[in-house]
Every structure is written in C-alpha cells, then in structure tokens.
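In what comes next, subunit A is part of two complexes: it sits with subunit B in the first one and with subunit C in the second one.
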Partner chain A sequence: MTEGDPRTGEPLLSVEALSTEYALEDRVVRAVTDVSFSIARGEVVGLVGESGSGKSATGLSILRLLPPEGRIVQGRVLLAGRDLAAIAEPEMRRVRGGRVAMIFQDPMTSLNPYLRVEEQLAEVGVLHLGLTRREAIARAVALLDRVGIPDARSRARGFPHELSGGMRQRAMIAMALLGNPELLIADEPTTALDVTIQAQILELLRELVKERGLSVILVTHDLGVVAEVADRVLVMYAGRIVETGSAREVLAAPHHPYTLALLRSVPRLDRRATRLESIQGMPPRLDQGPFSECTFAPRCRLVQGECHAKEPSLSPAHVGSTRLRRCIRSPDEVSG
Partner chain B sequence: MTDALLEVRNLSVHFPAAPRPVRAVDGASFTIERGETLALVGESGCGKSTIARAIMGLVPATAGDLRFDGAAMPPLGEPGRRALLSRLQMIFQDPDASLNPRLTILSSIAEPIEITEPRLPRKEREERALSLMSDVGLDRTLGGRYPHELSGGQRQRVCIARALAVRPELLVCDEAVSALDVSIQAQILNLLVDLRERFALSYLFITHDLRVVRHVATRVAVMYLGQIVELGPTDALFDAPRHPYTRALLAAVPSLAKAAVPQRARARGDIPSPSNPPIGCRFHTRCPEVFDRCSKEEPSLFELTGERRCRCFLVEAERIGATNLASASGVITAEANRADLGKR
Partner chain C sequence: MTASTGPWADAYRRLARNRLALGGGGVVAAVTVLCFLLPPLLGLDPATTNPSLAHLPPGSGHLLGTDGLGRDYISRVLVGGQTSLLIGFAATIASVAVGVLYGAVSGYYGGRIDEVMMRFVDFHYGVPYMFLVILIMLLFSETARGNPLPVFLALGLVEWLTMARVVRGQVLTLREREFVLAARLLGAGDLHVIFRHILPNVAGIVTVYGTLTVPAVIILESFLSFLGLGVKLSWGQLVAEAVGVVNPIRSYWWLLLWPSVLLAITLLSLNFFGDGLRDAVDPKARR
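Take a look at the complex of A and B:
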C-alpha cells in the first residue's frame, strides 16, 4: 500500500472545500463553510472550537452521519483518493466501522443496552472482517483486554450498564478498533469523564496511535486536550477554520485573534490571573450568511476598517509557512 | 476561625439503598469565613453536590452539625428556616432547569423579592430587578424577554441576578460555569469575582474543574468518595499538593504547557462506588503510593500546618518522620485521635 504513505507525503484523508448545511423548518444553517484539511497516517489532528463552531458537523460530514436535515452541499472527502461524499450508501457502510471508525462523547448512545458487550462487538467482526461469531468474540475479548478492561472475558458477557463510564468508553474504542480502522474520528471522547479517567483514556489513545499507526481526528472544546495529544490543530469558528498549524506552535503563539482570546479565557492551573480575558458578544448566527466581513470582526479586539470589507481567506502567515490563518493582521500584531 | 459565616461539622449524608446505604458524605468538616470562596472539588460520587444540597436543606443530614452565622440551621420546612432563605442562595449548572420558561426575565428576577419582601410596592420591586440586571451585565431591554430567547451565558446571568435579588450573604454555586463555553465561562467567572467584592458575598463553589478552582477560590477542600482528603489555601495547595489524590487530580488536568506528568502521580483504575467504599483509606485502590497499612486502617484528616489538613498515612509519617520514625505509628494514632476528639 502506497496510498496515504507519509514517505510519499500523500495524506490518508483530505477534506476539500467542505460545506455542510442544516435545513431547519424556517431557515438554513450553514454549519460548515469551506473547510479544507488533510491528515497523514499516524497523525492526530485536533479539531477545536466552541459550541456551534462546526467541529462536530465536520466530523459527522466525513462519515456522512449527519442527521436527516443535514447535508454536504459542497466539497470532497477523499479517503486515500476516493471521494466519500460521492460514493453510494452501501459502499459508505463498509467504510464506517471499517477503514474509518467513530466514537462519541456518550458511549451509552452508541451501545445497545439490550445486547451483551461481546455480541455487539462481535457484530463488527462478522460484518467487516467476515469472521465467524466465535472468532469475532475472541477478537473482541482480545481488544477489550488491550484497551484496559480488567477481566475482559467476563466483562464481555455483561451488559453495557454494568460498566462504568470510563470502561464504556474503553469498550467503544475496542469496538472502533475491531474493523482495523486507519482513521478514528473521536468526538469529545473524554468530555463526560472524570479527569483522572480522562487522563487514562487520552493515554490509551496515544498508545494506540503509536502501536497501530492510527490517524485520529479529535473533536474537542478543550485546548488542554489538544495540547496533550494532537500533532496538529484546526481552530474552528462560525463553521470555518480560522487557524491551523502544529499544535505546539499554535498554542504557544497563535496567529489568529480568536485563538489567542480562547487561550486566554481558559483559567490556568499553574497560576492565578486577576482577571480572565473573555470574548465579548456572541458568534454570528449561521443562518444569516454569506458574510461580507470577517466573521470574528464584531468580537475582535484588533478589528480595523478592512476587516469589514470582505472575509479573509485561510492563508499562510508567511510565504511558504504551513501555518494558516484567516486574518489580515500580521502574526506579530496578534500575539504582540 | 473568628468570623465563620458557615460551619459544617462532621456532616454525614447517607441515602437508603439496597443492599447497603450510599454514604454520599461521611464526616465532612469545614468553615466558610465571610468574604471567602471555598471550593469543594472532586470527581463523580465524591459528595460535593450532596454537601451543597445538605447546606441548602434540600437533603436531610444523617449526622452532623450545620451552623450559619453562629446559629444552628433548622432543616427545611421547620420554623426558623425561612429566615435563612434570603441569607443563602444557590445557583446550578443548568440555568434552563432553574428558570420558569413562562416567566419573563424581569418577573423571574423579581419573584424572590416578592416572596421575601411581600410588602414592597411592585414598582420598587421591578426597579430593583432592573438594577440587578445591570449588576450582572444584562441589558435592561431584555427584561421582557423569555429564557429561550437568551443565550446560555445570559440565562446563567439571570440565575445569578435572581439569587442576588434577596441580598444573600452566602452563594452556593454548584457547577455554575461547567456547561458554558470557555469564552462565556470566563465572563461569568469574572462576574462572580466582581460581585463578591461589590456585595461582600461569600461563596461555596462546587466544581470538578481544578482550573476554575485555582481562579476563584481562596481555600479548597478536595473530596474523594464522601470524605475531605485535603484542605488548605488555594495557592499553597496547588503549588505543593500533599495528598496522593490531589496530586493525581492535578496531574490529570490536560495542560496547555504540556509538562510531562510522572507516571507515578497518576490514579489507577476506576472510582469505586460510594455505596461500597474501600476499607481503610478510600483512595488506596487507586493510589500510586499505597502500602499495606492503607488497606487496613482509615487515616484521619490531620493538621499538616495551621491551615492545611490532609488524610494520608504517608504524609502524616513524613511530617513526623524527622522526629522519630521508629515510633511513628504510635504517634500517628495518638495524634490522630486527639485531632479527631478536638473536632468533636
């Protein structure tokens, strides 16, 4: 397999100019606008933003798991060269849980409460790998063991409600791994968990990335989680990517005023600030586009006349830089 | 401890359940001084919200003593409790569950005034509600709106205004900023800090978020499975945590600075059920520093320094280790007993 090989520089997944809309009763909400990014094998990309930023809608669009009112209106989702936005549904079903798997914040909504853990996990092995039920169960138990469920064999015979929240999320991860995915989309996988359990699950994700060369799109609202596990970060605001680059660089010195404001509004563990920086106002309503100005302009501390003239494009901060941002101000003006 | 507004002594709250009661809170003691913010922090099932509810009279205490401004707090529904209504108020995580969807914002804020000061003329009541809206950063023109027309952050401001309407002295905040996006959370935290100064409020701040604790609290009580395991001034406790659980909690918080966390600081395994807490030290099943005594005896919350308390054999032994290691165990027991007796 040469596709998506990091040595050839070809990405495993590349999302090109993706736009997604939700057609509600009385209005159309453009949840995702012109989102482009790619992910290499073994890479962890953090998709970060606040409520309504479009981060989850982007994740759901990739696997075409949008609710009935949602649809991709533009763009391509290329998995090793094949456009997931265009393939037929039966083919898409083989991709889901196969080459691309997804886990969510609340494992209870993904697990069938009436089925023993091993039965629902075995389903994946039977469907995607053509295993017999017995083989599939053996594989499921081995994976439950791998993700750190103690006494996996007997836990597998139990029901989901008998597992703790952390154990359920481990079971979900095991289920996601059953089809040997190359890409895992994890939507707020640790948000509902206690912090000591969150640390364990993040550690597990890191191990799996290393061990299996798994690529991960980690959808989260928590910049700290991004800092812990992501190689690269995409910061989303109002359905758009407003900044992207290596997680370390972006978090250390953001090039977009929104990223900076977001970072400064998180209280810190290592010192007490007298005042947190908050972002005044609210994000724009996404049923009222297209926008003729920068979508962050009404809340931006660095706003100037030009910001209202047109929406800036996502472009390199310096010629040839891999860091992109949707802002006309120079990086020095932003962080200075 | 000269000016305690709230005193909680040996509070236990057990809920009847089969096969055994849930020991949600087991012997918690702390005070809140006037003007101070005490944070109760811990993970699911540690009992932090139950303590808040017991203080508000929403759940009965199984044992223990609650005093407000020097006087015993009668349970809800008993004579004398009503007088406390206006002195302590509570705000919750979910403003939607606290606001009546059919009341306008102004009516919601004015309602508690009507209850506590029924003789106040309507005009004055509404004037006060409007001025409260300004106090919490809400535009007065929103007064005629309904909760669903407001954002989550604005709705939480309404709840704060409503709580302040009766001019309380103590505000109990139960995960009050946990459901908010960080940029909005920052606004509300700043507001709460401002209001504390302006209205000379004291806070009991209940949260699972240690970053929030560091920002707002003057003192912190760390809870685990119904017990306070460490207590002390915020900066001292965060800069030099002593209890292995506090250390594990702090180590687990995802950090923007991405400092490598030593593996041994981590808590292993799952949080046990509060209906069946481990024997001995309740944290011993997950503790990276566990030794044999921890599974046999229960450590007490001993005094580390004047203001700090810790519930751990190891920390206790370290403290007295310098003087005489050989007789450590005997000394610990004697001191622990004295400390325990002193509290009762």
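Take a look at the complex of A and C:
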C-alpha cells in the first residue's frame, strides 16, 4: 500500500515515538512504549496483540481519552501534520467525532439506554457539523439506512434496547460516521458479535473504506479479522510494536516468533486438528522500567544467549524491506 | 409501526398497574387541590376572631368547628395545609436542584474534587440539624420569624445532603459506563455528558427519592412548628396549638383531630406513591 496522500505526499496520521504511562497507586505501568506508525488515507491498519499488549491504550492515546491515571509521556500524534498530543482540549474535542471517530467492543452498553437512537446519533451532527436537530436526525436516519439497518426511520425512533447486538454495532458505526471522520479507530468492533454478524460488520467497514476513503485502525486480537480486511498489520507485544508489514506477507510468513506463536494458536480449517498451541508463560510486567533483554525472550522458542543481552530495535527484516520486526534472528529462522 | 417503549414509558406502565400507588397519588392531588382551591372559592377566612363563637364543635355553621379565638377551623386547616404542602414541595425541589448538581459534579469529576465536596457533606451531617435550624432562625429578625422563608431554608439545608450522596453514588458508576466514553470519544464536553447522558440516567432515582423527601420535609416542618420554631399557620402549628388546649374536662377533640388526620393521610399517601414509583422505576429492587 502507498504510504502517503497522493496530493500532499503525507500520511493522514502519523504516530511518532509514542509512550504512554498509567500511574497506579503504587507503581507506574508503561502501557505503550515507543510506538511509531503511520496510516495513509483509505488504508486499513490492523493493530494486533493479546490482552494488555497496549493496543487499546494506543487508540485511546491518539484521541487523548486515557483514564485519569493515564498520561502520554512522550511522542507526537500528527493528524495531517498537526500534533494532537499538543493542542488544547477544546480543539481536541472538535477532533474527536469530527476528523477522528472511535467505536468499541461492546455495542450493548455503548448507547445511552435513556435516549432514542436518533437523538443520540443526531448529537454528533449538531456538535460537529453545526446542523439543526432536524437536519441531524435526517442525516442520522440516512446513515442508519446506509449501514444496513432495515426500516431505519422507525428504528431510529426507538430505544437502544430494541436493537440486536449487530444492529447496535451498526448504529455505533453510523454514529461514528456522522461527523464525516477521516479516520476511524475501531477497538475490537466485532469481538462481542456472532461470527455471521462479524462477517457482515467487516464487510460494511470494507465498503465504507472504499466509498469514503476512510482510514481505519482496527484494534483486534483476532488474526482472522486482520486477514479479512487489513492492508497492513502492526503486531504489539508488551506495549511495543514487534512486527509490521503488509497483512498478507506478515500472516503468510511472520518474521517475529511472537507473531508466529499467535498464528499457531488460531484454529484452522485447512489443517488436521492437532492440539492447538498456546504460548507458554505470561507477558512481562510493564512496571519495572526499561528492559535489558528482549521482552519476548522468556516465552520465545527460538531464544538464544544474545536475546538476553539487550532489547532488539525495530529494524527491517531485509535490507531495504518495509517489513520491520524486533528480533535478532533471521526471518528464515523464524518462519521456517 | 409498533409504538416504541422507552424506559420512561415502561416505568409509567408499571406505575399505572400499581393501585396503591395510584390511590396515594390521587389522594395527595385531591388534598392539594382542596387546600388551594376551597378557601378562595368559598371565601373562607382563617384570621377573623370572634370571642363569642369560641370553641364551637363541628357542625353549627362552622363545618369543622371553631378554635379558642372563634376562628373558623376549616379555613385554618385548609390554609395551614397550603403552608405544609408548599414547604414540603418547595424545600424538596430546592434540595433536588442543589443535591443533584452537587452530587453530579462530585461524582463525575471524582478524585480530589469528590473528596473535598463529600467531606463538606459529611461535616454538615455531623452537625445536629436542630442546632442548624435554631441558628438560622436566630439569623432572621423578629419580624421574619413565623414566615415560611427561614423554615424553608433550614429544611432545604438538611435535605439536600442525602440527595447529593445518592446522586454522587449513581454518577460514580454511570461515568464508567461505555456510553459515556462513547459520547466523549465523539467530542462531547463535560457539561454535555453530565446533562445529556448522566442526569437522564439518575432522573428515575431522583424522582423516587424526591417523592419520599416531600413527606419527610412536611413532618420535619410539623415538628419544628410543634416546638414553636415553625411557620405561623401550618398543620404542625395547629396540632401544637390543639395539644395546648386539650384537657380531660373539655377535650375540644376537633382541634387535634382534623389537622392530625389530614397530615397522616397526606404523609401515608405520599409514601405509597413514592414506593410505587420506586418499584416502577427500578423493578429489580422489589423484594
């Protein structure tokens, strides 16, 4: 995929050396460490990792909506050249839901039970597009219709509990689209849904990307979802990016042992059912300062002496390659 | 198209099925209408004294009798009811307004702000309210004493505390709900989130608690009146006067009976209505 906007030659969003910390009562947890990536217009980037790998924290850092104990300690978040980490809060509020929107996992609880669906959606239009209530509702209904809610007009008059889970996620997507965002951060958008509904929602996202040139950061732990829709993939482990590359290449031949282990822990239809592999051990604790070894070394099957010497940097797998990984073993040793 | 049923419509339907609650609400409404409409309609006069007509029993031209100064007792009971109800509702509305805002801010912002705001509430809880009330009474001049304003202030000062605590507790859990995060993710500011997303979710419990505050305020006011700290003419005041003149030889029973009965009926009905409302708003809480 091309890296930049054809007009300006500049990516829509570029995250540079982002680090985020959570100051808990007795310790400081570094949830995101030195994360850099960029996303072009119309590109879908999958952000993959297990629970606690820092993928949601990355999404929330971009929108500066970390819980009170969280803080961006370093780095820049450039949206079309402007650093979101540095602008004032009122300006940030215009970005949220305006240029950048976010949806997340549980569609059952993401809508206010006391507000009619249309009112809730219309708020975004009133807030960001300066529409009147009536115009905003009309737009909300049109979008509900677009995201595939049958009989959108009367559904919009109803309350959230009258919609099914899949419908609610569609309504959330419509709500996110209402402010005409350029970037959509979707945090586990299909995790709480049935597989068939999951496929429909992913299909919808794919259509919207094509239709509107929307860029999507798809946060997920599900490699199947990534394979389905993502152009590029970022694999996160212990708050770091450990591997990036085009989704097809990474999934076909991972260059980091963690990615490989993740792939092997997914059941597949085209392989005889042997025991599903799990990754032994636990992710490292993130509250004990800088690491003096590879963060994955304690769980890695390819670990060797050098891995304990220092943390490897994120570097090209081959000279000149756009595929980066944080491992000292050669790509062939990993995927072979 | 099927009629869509929101949480409010559901609650209303449950309330409409609850006969006791509806009856309670009806009685309160009836008492209120009687107290406010009858005196002007019938030209009743609670103030004119007539020593020759003192202590007349019910009937005899004065439906509920007369008091020791020959004042028409039905006028006094009804006009006294106006005061009691007015104070009950006004102090409740004031305590709801203050308590809800205070609790919402405290719970929403949390942390240090919450800490300071709630310690302030605790402090007020710690001061015996009678002490507070007497202090407030002393702050007002001799002429203002017996007016509703100081009593209203004193009661409001006591009642908002619990409301603030109730609301704060609710908001603490609500602000962690995903729809609040969703609203903020789409660019809503603090005020918008509080008024549009959080307060509608506490409206149910606030209504319930408010309804149950009204009788609490009325009885507090009666108690103050009984101690001679209250308003000039209210149910509590009438009961206090009646207790003063009742004696075993000449009982003047009607002086005590009418205000007591009205007070009791109103309080009971308000409580039935409030209980019904609670069941309607939060059906799971019913044991």
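Going forward, the second predicted complex is superposed on the first by the 325 of 336 C-alpha atoms of A that agree within 3 Å, B and C clash if a C-alpha of one lies under 4 Å from a C-alpha of the other, contacts with A are read in each partner's own complex, and residues count from 1 in each chain.
In this text, a contact is a pair of C-beta atoms (placed from the backbone, for glycine too) under 8 Å apart; a residue touches a chain by one contact, two chains touch by 3 or more.
Only a predicted model underlies this, so the values are computations on that prediction, with no experimental measurement involved.
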| item | value |
| --- | --- |
| When subunit B and subunit C are modelled together on subunit A, clash or fit | fit |
| Cα-centre angle that subunit B and subunit C span when viewed from subunit A, reported as a multiple of 10 degrees | 80 |
| Partner chain in contact with A:S51 - subunit B first, subunit C second, else both or neither | first |
| Which superposed partner A:P257 touches (first subunit B, second subunit C, both, neither) | neither |
| First, second, both or neither for A:P284, with subunit B first and subunit C second | neither |
| A:D222 touches, of subunit B and subunit C: first, second, both or neither? | first |
| Which superposed partner A:P113 touches (first subunit B, second subunit C, both, neither) | second |
| Distance in angstrom between the closest Cα atoms of subunit C and subunit B, superposition on A | 15 |
| Common interface residues of subunit A - those touching subunit B in one complex and subunit C in the other | none |
| Residues of subunit A defined as touching subunit C within the complex | 63, 65, 68, 90, 93-98, 101-104, 106, 109-116, 123-124, 127-128, 154, 157-159, 162, 172, 175-176, 179 |
| Subunit A contact footprint on subunit B (complex, rising order) | 43-44, 151-153, 181-187, 189-190, 193, 208, 210-212, 214-215, 234-235, 238, 248-258, 261, 266-267, 269-271, 286 |
| Complex contacts: residues of subunit C adjacent to subunit A | 1, 4-8, 110-111, 177-179, 181-189, 192, 196-197, 200-201, 203 |
| For the subunit A and subunit B complex, residues of the former touching the latter | 50-51, 150, 164-167, 194-200, 202, 221-225, 227-228, 248, 251, 261-263, 265-273, 275-280, 282 |
